[in-house]
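Handing you a structure now.
Chain IDs A, B, C and D follow the sequence of writing; residue 1 opens each chain.
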Amino acid sequence: MDLWYTEKHSDNVGITIKTTKTLFSGKSQYQQLDIVETLEFGRMMLLDGLVMVTERDEFIYHDMITHPALFTHPNPKKVLVIGGGDGGSIREIMKHPEVELAVLCEIDGLVIEKSIEYLPTMASAINGSNPRVKLHVDDGLAYIRDHQNEFDVILVDSTDPIGPAVGLFEENFYRLVFSALKDDGIMIAQSESPFYHADIQKSMYHNLRAVFPIVEMYQAFIPTYPSGFWSFAFSSKIYHPTKDFDHDRAKNRNFKTRYYNEELHRGAFMLPTFARDNIAE
Amino acid sequence: MDLWYTEKHSDNVGITIKTTKTLFSGKSQYQQLDIVETLEFGRMMLLDGLVMVTERDEFIYHDMITHPALFTHPNPKKVLVIGGGDGGSIREIMKHPEVELAVLCEIDGLVIEKSIEYLPTMASAINGSNPRVKLHVDDGLAYIRDHQNEFDVILVDSTDPIGPAVGLFEENFYRLVFSALKDDGIMIAQSESPFYHADIQKSMYHNLRAVFPIVEMYQAFIPTYPSGFWSFAFSSKIYHPTKDFDHDRAKNRNFKTRYYNEELHRGAFMLPTFARDNIAE
Amino acid sequence: MDLWYTEKHSDNVGITIKTTKTLFSGKSQYQQLDIVETLEFGRMMLLDGLVMVTERDEFIYHDMITHPALFTHPNPKKVLVIGGGDGGSIREIMKHPEVELAVLCEIDGLVIEKSIEYLPTMASAINGSNPRVKLHVDDGLAYIRDHQNEFDVILVDSTDPIGPAVGLFEENFYRLVFSALKDDGIMIAQSESPFYHADIQKSMYHNLRAVFPIVEMYQAFIPTYPSGFWSFAFSSKIYHPTKDFDHDRAKNRNFKTRYYNEELHRGAFMLPTFARDNIAE
Amino acid sequence: MDLWYTEKHSDNVGITIKTTKTLFSGKSQYQQLDIVETLEFGRMMLLDGLVMVTERDEFIYHDMITHPALFTHPNPKKVLVIGGGDGGSIREIMKHPEVELAVLCEIDGLVIEKSIEYLPTMASAINGSNPRVKLHVDDGLAYIRDHQNEFDVILVDSTDPIGPAVGLFEENFYRLVFSALKDDGIMIAQSESPFYHADIQKSMYHNLRAVFPIVEMYQAFIPTYPSGFWSFAFSSKIYHPTKDFDHDRAKNRNFKTRYYNEELHRGAFMLPTFARDNIAE
């Protein structure tokens, strides 16, 4: 059966993906959740009709939202992930032996539940078997308001700044993250596509710079995201992502990574001119 | 009228783009040529139904096929472009004042003619007005067979290794390019998507290494190409693309580039692990 | 180039047609007009993005909007077509030798002009060569207001009841048509798809019955229209479309018809139950 | 999630339907079977990627494959359906009180099983609750070879003449059906679209006329089938479908039909000229 999912990346362009099966389709309190089978990308999770992760290319997103911060911070013991209910970020964080505790704060319990059921390779660290992981089904804003000076690294693994995630792109939220971080803490947030979302980037980086002394954008290629060209914001109190990067620790890591490596760590911060221009003050 | 162009990037995934008008549609001796108007990407040229260039993102491809070689070679005087009938590569080459002559050898005269007519910002340097540019409507293989030890830089700005361009991915062709280059010459060739075309890359880089002592892959993101993640092969007799790169010359260039810059030059060679693995011997 | 036109027949279903070329694309004072080449249906004309006629199946629509009335009326000398700027209805009317004058009143001169240019087999009778045809580029309502008791048959060859044609589905318009008809006149109007447009049909036939003593629906299959199942309203002062139908005159016509015939004339009024129910009072 | 099923009706045209859920997807020994939920047509069953039935328009197909024969035959006691595993034909046959036994001979048990599970309104008479219905999971050819002079009416409710149904369009098969019918028996077979399948019709009606003395085509409009214009072959030993039709029995039937009625019975045989031409000898 010729069944195609099409995600419009704007009114005038989209990606179209052949699907073979709907594994789950349901509505939570917050959003529509679909998990489908595809021939090209394996299983694919959608929230409100937008691709969140696919089995084939999730390794890129999850490598890049986690390892740059965890190899820059000299000793990340306590890490918070806001959003990220599929578990892929937590799985990568667990590869860092110095991490003693990773907390997942996801607003939508259905995302966690169905990821455990249908995306077990992503959710392997959030299925209850890992004593270094704690789950909170809660609003990220509410959670960090109650936590001061506690985390070494906070990852904002959010959806786009529409729907439930809109508050996660505002200055007020970044101030709360700043307070929840220790004095040498680092925040990473996904920051949309430099090709399609120049306006969102401009406003987001402006908000970040109002709060953090060090703010740098870095890039990754993610084929199933709009334009394939994606970005992350590295915001930090004292550590710089390339100047303070411990190349040897990254090189001598005892796990394999299919996207991240110690060379690419530096290259990811070397941006195309138009992307730098998006966030120039 | 809701008219959409869909390019399948494999049997199971594609990009779909709204078009508003067909500006030209015709068959040359070699291939089908279409030029359409789109809302998202401006004018778009297709050969045999595959997107070649669009007005909106062509700056990326043309920056990256030209400037890395021309800022690595210390004194590029004579440059050959094989393929590239849209003229975008020649336009970028002309920005380098040390280039005395650029030769465009394109097999299909219709591509040149219609690019001049419909894509004037790309074809601005091949419309006859530039005395430093020569056009040859000819087979690239035939052309370089007759030219020995002549060029500083040769750019293989070809279509995919199917149809008229298939010979441009074979070892025998690379030997001819090697001979056509001077003793310190550099060849650049587009080398497909590391995400979708691992097999083509494996074979192509194997062939290149059989001929050139220095072969390095570098990357660029091109939204309208399969996966958005694209690559180029830097093949060289003596100059290394990052060790011999003159950072200051690139930095002090007297023209603007929207994708390329002297930082990104280095970053482009820092590849994801899976892309490095594609071409590991 | 894989270029597909998709017309949504509702939010949840559509027809998708491969096109090879845009022959004309422009905006008149009233609407967007596109003429494209397709492989399946030949040339296709669209108004505001909706298929009006295609070369391959226009014979069905034009047979069925004209011949049932012209073979029911015993002596149709003067015929008015409101809309129908492609000329197909006039072409069929001209096949009836008893017709002395056919008037085309089309609001949009661009439709006439471009049909003559790109759809010559449809527009063969409106290109100025036929002395029995008169063209008026005018609003149909304005035109009939000035004409009383003048026509034997009036055909309302309109677009859907949105945009410029909306007034052509109202009781007030039907009263004007009634006045413009002679005492034994017949009006035909396209009346949408019984499958998708039950509500429009209900209201339209209610309006018609408020004006005409005889109102009957008949059907035709038109593959490029929504659902493929289309209908026409036969409204008449004294002649009944089947009881007063002259079977022998239709049978002995001296022209060929690929859809209409004297048997089908009767069969077209034998409707599916659900279609009859749509317009039951 | 924007998930669309597209069925190509030829290389150059298709229908596209929004689906919301895959209810079943599996492979039997004979074919791929999918049952999906759609917004426009309710549940939809596909075999090898082609639409077989939808909840919204199945009433048309099932009315028209059954009632014309059952109201023409003066006393249909024993009826065989070959194919038709969704049960819709049997459900309609059961509305005729004079039918004592209806046999369903479907080659693919999975179609029956999943229709009972997911299409209960169609399969209401084949779920085991009706003592006048017998199911045989068997090849139709094998079945009728063993049955001589036994049935009043045989309905060939097959898929298109590709795949498992190809034998059901050949003269040899029609001879077996002829033998399995009583001396006044009637066979009905779906006979494709007159608009798209002129060649299949030509050959099929030629084969039928080599076997049956009376062969007539009749039409129905089915929105989800290619072109929306569909046909059936009425083949009979002695009864003619309109001359021997008992109008009053049909009119006084004690069940409702949303498509079929005693007027439409006659009208269905009044064909467009091009459809008649398809099957002219």
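Going forward, a contact is a pair of C-beta atoms (placed from the backbone, for glycine too) under 8 Å apart; a residue touches a chain by one contact, two chains touch by 3 or more.
Everything quoted here is computed from the prediction, not taken from an experiment.
For the pair chain A and chain D, there is no chain touching both partners.
Two copies of one chain, chain A and chain B, touch each other, and the residues they use overlap strongly: the shared fraction of interface numbers exceeds half. As a whole-number value, the distance joining the C-alpha centres of chain B and chain D reads 57 Å.
Centroids built from CA atoms put chain B at 33 Å from chain A.
Chain centres here are Cα averages; for chain B and chain C they lie 54 Å apart.
Shared contact sites, meaning residues of chain A that touch two or more other chains, fall at 6. All chain pairs in contact, by the document's touch criterion: A-B, A-D, B-C, C-D. Note for the complex: chain B touches chain A at residues 6, 10-18, 38-41, 57, 60, 195, 219, 221, 223, 227-229, 256-261, 263-264, 266-274, 276-277. Chain contact summary for the complex, chain A toward chain D: residues 1-8, 19-22, 25, 32, 34, 36, 46, 49.
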